[in-house]
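You will see two complexes here that share chain A, one where it goes with chain B and one where it goes with chain C.
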Partner chain A sequence: MTTSTEPGPPASTGAVQVRNLRIELVRDGTDVVDGIVIDVVAGEVLGLVGESGSGKTTVGMALMGYTRPGGHVVGGDVLIDGHDVRKMALGELRRLRGGTVAYIPQDPGTALNPALRIGRQLSEMLEAHMGSTGEQERDARVREALEEVALPATDDFLKRYSHQLSGGQQQRVAIAMAFACRPHVIVCDEPTTGLDVTTQARVLQTIRELCQDHQVAALYVSHDLAVVAELADKVAVMYAGRIVERGPREVMFSQPRHPYTRRLLRAVPDLEGKRPIEGIPGHAPLPGHRPQGCFFEPRCLHAVARCRETFPEAVQYEPGHWVCCYRADDTPKDGPVLASGRGEAPASSGEVVLSAEKLDARYLRRQTLFDINLAVARNECLALVGESGSGKTTLARCISGLHHTYTGTVKLGEAALAQRARQRSAEARQRIQYIFQNPYASLNPRRTIGQTIARQLALFDPGSGRDRGARVEQCLERVALSARAADRYPDQLSGGERQRVAIARALAAEPWVLVCDEITSALDVSVQAAIVELLAELRKQTGLSILFITHNLALIRTIADRVSVMTGGRIVETGRINEVFEAPKADYTRQLLANTPTIEAALGHNGHGA
Partner chain B sequence: MSATTATAEPFAPAPEPVRRGRAATLARATLGQSRAKVGLVIFVLILVIVIFGPLFAPHSPTEFVAAPNSGSSSHALFGADSLGRDVWSRFLYGGRSILGLALAATIIGVGLGLVIGLSAAYLGGLVDEVLMRIADVFMAFPQIVLALLLVSAFGPKLWLIVLTVGISHAPRVARVIRGAAQQLVERDFVKAAEAVGEPRRRVIFGELLPNVTSPLMVETGLRLTYSIGLIAAISFLGLGIQPPHADWGLMINENRLSLIVQPWGVMLPVIAIALLTISTGLMTDSYARVVIGIDRGE
Partner chain C sequence: MSKFLIRRIIFGILTLFLVSIVVFAATQALPGNAARAILGRSATPERVAALTAQLHLNQSVASQYGHWLGGVLSGNLGISAATQQSVAHLIAGRLANSAFLVLVAAIVALPLSIGLGVWMAVKRDRPADHVLSMTTLVLAALPEFVIGIVLVVLLATNVAHVFPAVSLVPPGEHAWDEPSVVVLPAATLVIAVTPYISRIMRASMVEVLESDYVTMARLKGLSNRVVIWRHAVPNAIVPAIQVSALQLAYMAGGVVVIEFVFSYPGMGAQLVDSVANRDVPVVQALTIIIAAVYVILNLLADLATILVTPRLRTAGR
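Presenting the complex of A and B:
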């Protein structure tokens, strides 16, 4: 097998061809992305998958002839409909952007102009690209565009401002804008990341239908493998600025060859709960710090001497399936995938350590929680699942004493607790530890990791003064961080490392219950998997109880014993995890399960004609 | 076209990134600017004159050495003032009081403002409201008027000058610090400290204070600049340092009538005060630029 020239598809409309694209930093010529090859034809969706910092957005932007300040394209071709974007004059580029190539942003809340009405924004787009059409014709076209994305094309709706729409509606307006000028190519940059699963399912459906109906070639940039599995025809996996593997969807998900792709797939939570999730240790090298050989080699279990020397070239294995790995055809399997991920679940004793009874909470004048009852037993992991706005964070903060406008009781063991953390007993503050969603905000940026953890020890174990340095090291070891981390500041650590520090800080108090509020939602899947593994391990070792709050249903399947499903400030269903997943009683739970994208489901019943 | 990944150039092995402390990085970036270099050189120059000047003074600052308003001579380098004292010697002695008083007033003002600003931001509610309205009342007076009012009421005592100048700075510093701290109060790391029951005092000084050091540094520089000007002005108006003591502000007042015949008696202290305020201003400005990141993307 050798590398060969790929015959490009004919330069027809709606075709994207990228060849050996290289983008460097202007400052010192550091490669940001290199050797990028992309082919998409009309009506096809290519999923570009990668973790944060892999360069996937940079590639998406390059299709529109745009590079972020500080970077520039130094090599390769970007052909849209056979025309080279790199050779276009500014005027041509302007016509290209929005006209031939449209863009759907990640956050429509910031992409839509808050001062303009929806109707005005849409017709502005048409004015820019359709030239001298009459006002009536434009108005008709605006309404058509809104109908395409299943939004009401009424005068009332056209007069609204973006802040008067929900997140899903905003995203659909952004999609309507993107498709309004009948583009040949569309670049979607994680358009569903901020959305709830129900909304996400609807938005994905819209994108899929529009691409097929109008024969648009789409590049779908995402970190979410499950979404890509549902939507894409072809998949390309990026790692540290390179496409390490690309191919047709079925092949990519059923016979992935690159070790990174395989590890990534194993990190994705499985709704069926048939396999455990597994993190990838280490992190991706940043531009300027990439090794000489294969970039994945330092984290790869199958690396050989050759991997350290030169970056492997792309080799074709099946038709259209290209892999950059020396060991792609003889890599041993990464060990058997376990039949059941649950392993031996720690038996919870039934003794309740934390409970909430008849909890009603209000935020300002609005009631946000209604009659909440829950109980966490010793060594149990109770998952609390709900979409944004369901009140799950408010509940977690009531339990931790951070949100104090509530009635009802929170109990630690048998003792009822005061509303405010400050008025609670030292014991209560010690035994319930809250871990925040965003590890970038929950650590004091001006304190070293060691200082942060030492303070926690000083608060809850005043006797530890003498050997506090050693205790800090122990705490870091428990979360698999090296003792050297103690001298670092939070901004010197990656997101996953910071979240480990936050966990270490919580554990330093010797808690009975960890309240984990969406603690993995700001992290990449491989890091998320590693954090979840860590929590499961800690639970087994120390008999800890966990209240695990998340919007991600698939994630809890392998770690939780019981689950409570929340919507609109109420708990609608509580039960053993397998019972709830296999025989959900509440309509809302059923709907949530149906809308959660999974790789298995996407490959099983093929949702769209590929 | 080949579908291979470029391997043409060898990739350098990843070097361990060298990380310095934040303070060192900021200091280096600040001193990298020419305005900061100029400011630092001038400041050090004036500081040397202020500290070591008296050692090199040819005469006592209060000794009569020549005819009043006489010009430059071998006996008196910059001539004599309106009473016949050596201008050069008085200049060399005259910086200590102004710089000392200005520093003391700055420390009092910034310290007080810091405590008020942080407390108002963190405690919020009624405490915030009361503290900030009192600050508004104080800020309604121009600083110099407030200082003159108190000094004329209680007499020209040095501690009083320091205190009034300091107190008149405090509400201005408090506003800036409160603004900076308010963004921090809602951050999760503050919530985390509350959840484990850190005492309020520790949240304010342990969690918030380290995160407002940058605006604090800028305020300190700015208030020092203003203090120098204010204290010189008070001395000039005759309410500060009293004759026959040597002081730059006082010297300007004493010699202004003979400006035409003997310009040095006014010019030397004027130049010194101007250079001192400009130098502290330049350094503060450079630091502020680094913190905000104005010159970051070259």
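Presenting the complex of A and C:
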């Protein structure tokens, strides 16, 4: 181990060199990010990893001399090709943005202008940066840019508006736009979030090839460690506005030293199913609420007195591997992060509690589900996996009686249920509980958490009137929330806490089956892991059955007993989880598995294998 | 899109039809005999009977309505009860004057309020924005006749005698033959409608300036002018279009008060006179025309909205 401190002023000719960048809120000088150090050379990809609110997008945009309204850069250097972005005049900055440093947005659906044709949005980029070229030349370049991302370079396509494209096509247009002026640096801001794995795999492939072909230095901002493991040469991990650890990819994934990095890796679901996933209790401190010492200290299992006093400086342990932690020498001793034993799932009894038979559903005049058969046994977790538009949510809504234009039978135990929830018996409605994807929208903002849960108790257990306060507390306790949460309103809780409340509300009805519709997809990976842990625990304690709907294959490997794979409104394969993952029978399942990025596979292939 | 348009036009015609029934019913509900009201108390029963026959007042209500509607559809708006001239002839010149006034006001007010709205949004929360926001709020709160009188005091009488306080137009001539008479009434209209449109434009522009696609446009290195006018304004203008249509339609009806203040020879002044004279055919004709302006302007606003919103324009493709 070498204990050298930060490198001095950059001497090399890296495309991106950031030194001690500090960005504050204009309002009160609260730091958003501080002490940021980044080095990327041409042809290299740096993965900047962090959970929501960690400041990773702020850092990404700072490379373009841009801060979102309300923030400003107050210290440090941002050098692009050796030129300090902070010293640039407005005209120079304009040439930098899009010309030297290009940006690929997180959500192209909202980042492409709805009022302008695709062709216009591409050509204006060239107009701004290659002013002297003629119109014909620009047109040729636009078509070339589209071809590079495997989009049709036809007049028809150029005349389209963004709403006429699929999500994958929109992201390709954004990529074509970014590469159009041959930038030296690309900032990718979670460009595959919200895309299906198949589309994601293609988009990542495109970005990778373009970066290699044109020797572009890329900053890839993401919360998805698996994607970063596949794509990046170097990784930097951000927590609460600081880079807490950075280093070459292999070192970062095989010998992570910062406790946060290690916990984060353990929260990532493993497609191989070799290790359980673990959440990180607590949540990251927001700007202005950060502790005096190490920001991770309140959640850290290794913290010592010193950690509470001052924020640790970055220290180099292996070549290029810098860690901000006083315990970085000791943490590896707490065991390997990746492969380890797998937790046992409780065995199910085989008695079927919920089933669907020969279910066909239509939406307006279009048939969306075809001949669906499935059964969930007592205490079983059946995963329903598929990409967007596969019909998995429609199926869940049919089962819950929220979507009623279907034929076929849904049975609770032996009893066939009516199509509409309101025609079903109170018992049937009570025993099947639905948890929605977005905990921000599924809780009534005008009711306290206690009122929300008390309402559910009153509905299904009218006798519980007198000791309802105590019952509410019990419900919150089951989802590991403190009784104090009862007096809060939803907007005072974090996303993970809200989803726990939604689960508590469902459990208050004492259901037999929980229908969980993508309940972790809006959450950070550490929070997702905690929710998944909670569900597994509840299942063990109460004998609950779960229908777990998701697009995330790796996630179900750790929690489900069986899986049904859906595409195009049909179930193409159903089987025990290990059998389906190890010997998939349907082509579609094989394709899904191949396209799902995993840390293990990325490191195993030891390179950019796709 | 054409399907949508046809549907809107049919609805527009239906609206006008309903308005015609309401207008007719309302004039029917006026107390007393219209013929007697027109002729006054001293009229002989013979004269009243003659006028009653002339106005078809002795027929059933439905037949009277049918007769009137048939006339309107064939362009015959009837005979003014007060002057015995054809209504069309009576109001044509007045209508042209009003249309000229509203047109002048619109040509100034629309670009002005859009520009002000954009500027306020760009300067959001800076002093310029606060001052303009307050000013427009105060102006929006003032009734038009107050604005009109203040303008007269400032520009036509006590302070500076630049424009005529009363918009006199000799009979047989039009307002555009003597443009100075339009300035003050038009300025009053502009001041009356600009606050609404500019405040709406500011609000939607503020929202659009925070959108991802505007951030994206900035990160593409486009100039501020291009970001604002090409990327932001087309997406922010729809609410302003809708409010503009309502305001223009309001001008067409609300011009009554302003024309009265300036004695401007438009349809507003005519309407006031006709109501005073119980000149039912003229009142009916003017009301239907004002209603038609409402319907047509809203139709145009919907059309403009579709034209600037590709998602609507390409629907059904």
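The working rule: the second predicted complex is superposed on the first by the 581 of 610 C-alpha atoms of A that agree within 3 Å, B and C clash if a C-alpha of one lies under 4 Å from a C-alpha of the other, contacts with A are read in each partner's own complex, and residues count from 1 in each chain.
Please note the rule applied: a contact is a pair of C-beta atoms (placed from the backbone, for glycine too) under 8 Å apart; a residue touches a chain by one contact, two chains touch by 3 or more.
It should be emphasised that the depicted structure is a prediction, and the values quoted were computed from it without experimental measurement.
Engineer: Should the superposition on chain A be reported as showing a clash between chain B and chain C, or a fit?
Structural biologist: With chain A as the common anchor, chain B and chain C both fit in the superposed model.
Engineer: After superposition on the shared chain, which partner residues are touched by A:498: those of chain B (first), chain C (second), both, or neither?
Structural biologist: Neither: A:498 stays clear of chain B and chain C.
Engineer: Considering only touches as defined above, state whether A:434 meets chain B (first), chain C (second), both or neither.
Structural biologist: Once the two structures are laid over each other on A, A:434 reaches chain B alone.
Engineer: In the overlaid three-chain picture, which partner chain does A:112 touch, first (chain B) or second (chain C), both, or neither?
Structural biologist: Touch status of A:112: second partner only.
Engineer: Once both structures sit on chain A, report the angle chain B, chain A, chain C from C-alpha centres, rounded to the nearest 10 degrees.
Structural biologist: With chain A as the vertex, the angle is 30 degrees.
Engineer: So, A:22: does it touch chain B (first), chain C (second), both, or neither?
Structural biologist: First partner only.
Engineer: Name the contact category of A:99: first (chain B only), second (chain C only), both, or neither.
Structural biologist: After superposing on A, A:99 lies in contact with chain C but is clear of chain B.
Engineer: Tell me which of chain B and chain C touches more residues of chain A.
Structural biologist: The larger set of chain A residues in touch belongs to B.
Engineer: Examine A:164 and indicate which partner it touches, taking first as chain B and second as chain C; both and neither are also allowed.
Structural biologist: It touches chain C, and chain B stays clear.
Engineer: On the overlay, how many Å separate the closest CA atoms of chain B and chain C?
Structural biologist: The answer is 6 Å, the least C-alpha separation in the overlay.
Engineer: Shared contact residues on chain A, chain B side and chain C side combined as an intersection?
Structural biologist: 69.
Engineer: Show me the residue ranges of chain A that touch chain B in the complex, using the header's touch definition.
Structural biologist: Residues of chain A touching chain B: 3-6, 8, 19-20, 22, 34-35, 37, 69-70, 75, 77, 242, 285, 288-292, 310-314, 322, 324, 400-402, 421-422, 424, 426, 429-430, 433-434, 436-438, 441-447, 455-456, 459-460, 489, 492, 505, 509.
Engineer: Within the complex, which stretch of chain A touches chain C?
Structural biologist: Touch residues, chain A against chain C: 61, 64, 66, 68-69, 93-99, 103, 105, 107, 110-117, 124-125, 128-129, 161, 163-164, 177.
Engineer: Show which residues of chain C lie in contact with chain A when the two form their complex.
Structural biologist: Chain C residues touching chain A: 210-213, 215-223, 226, 230-231, 234-235, 308-311, 314, 317.
Engineer: Sort out for me which residues of chain B touch chain A in the complex.
Structural biologist: Where chain B meets chain A, its residues are 1-7, 10-15, 17, 19, 22, 187-189, 191-192, 194-198, 206-207, 210-211, 213, 297.
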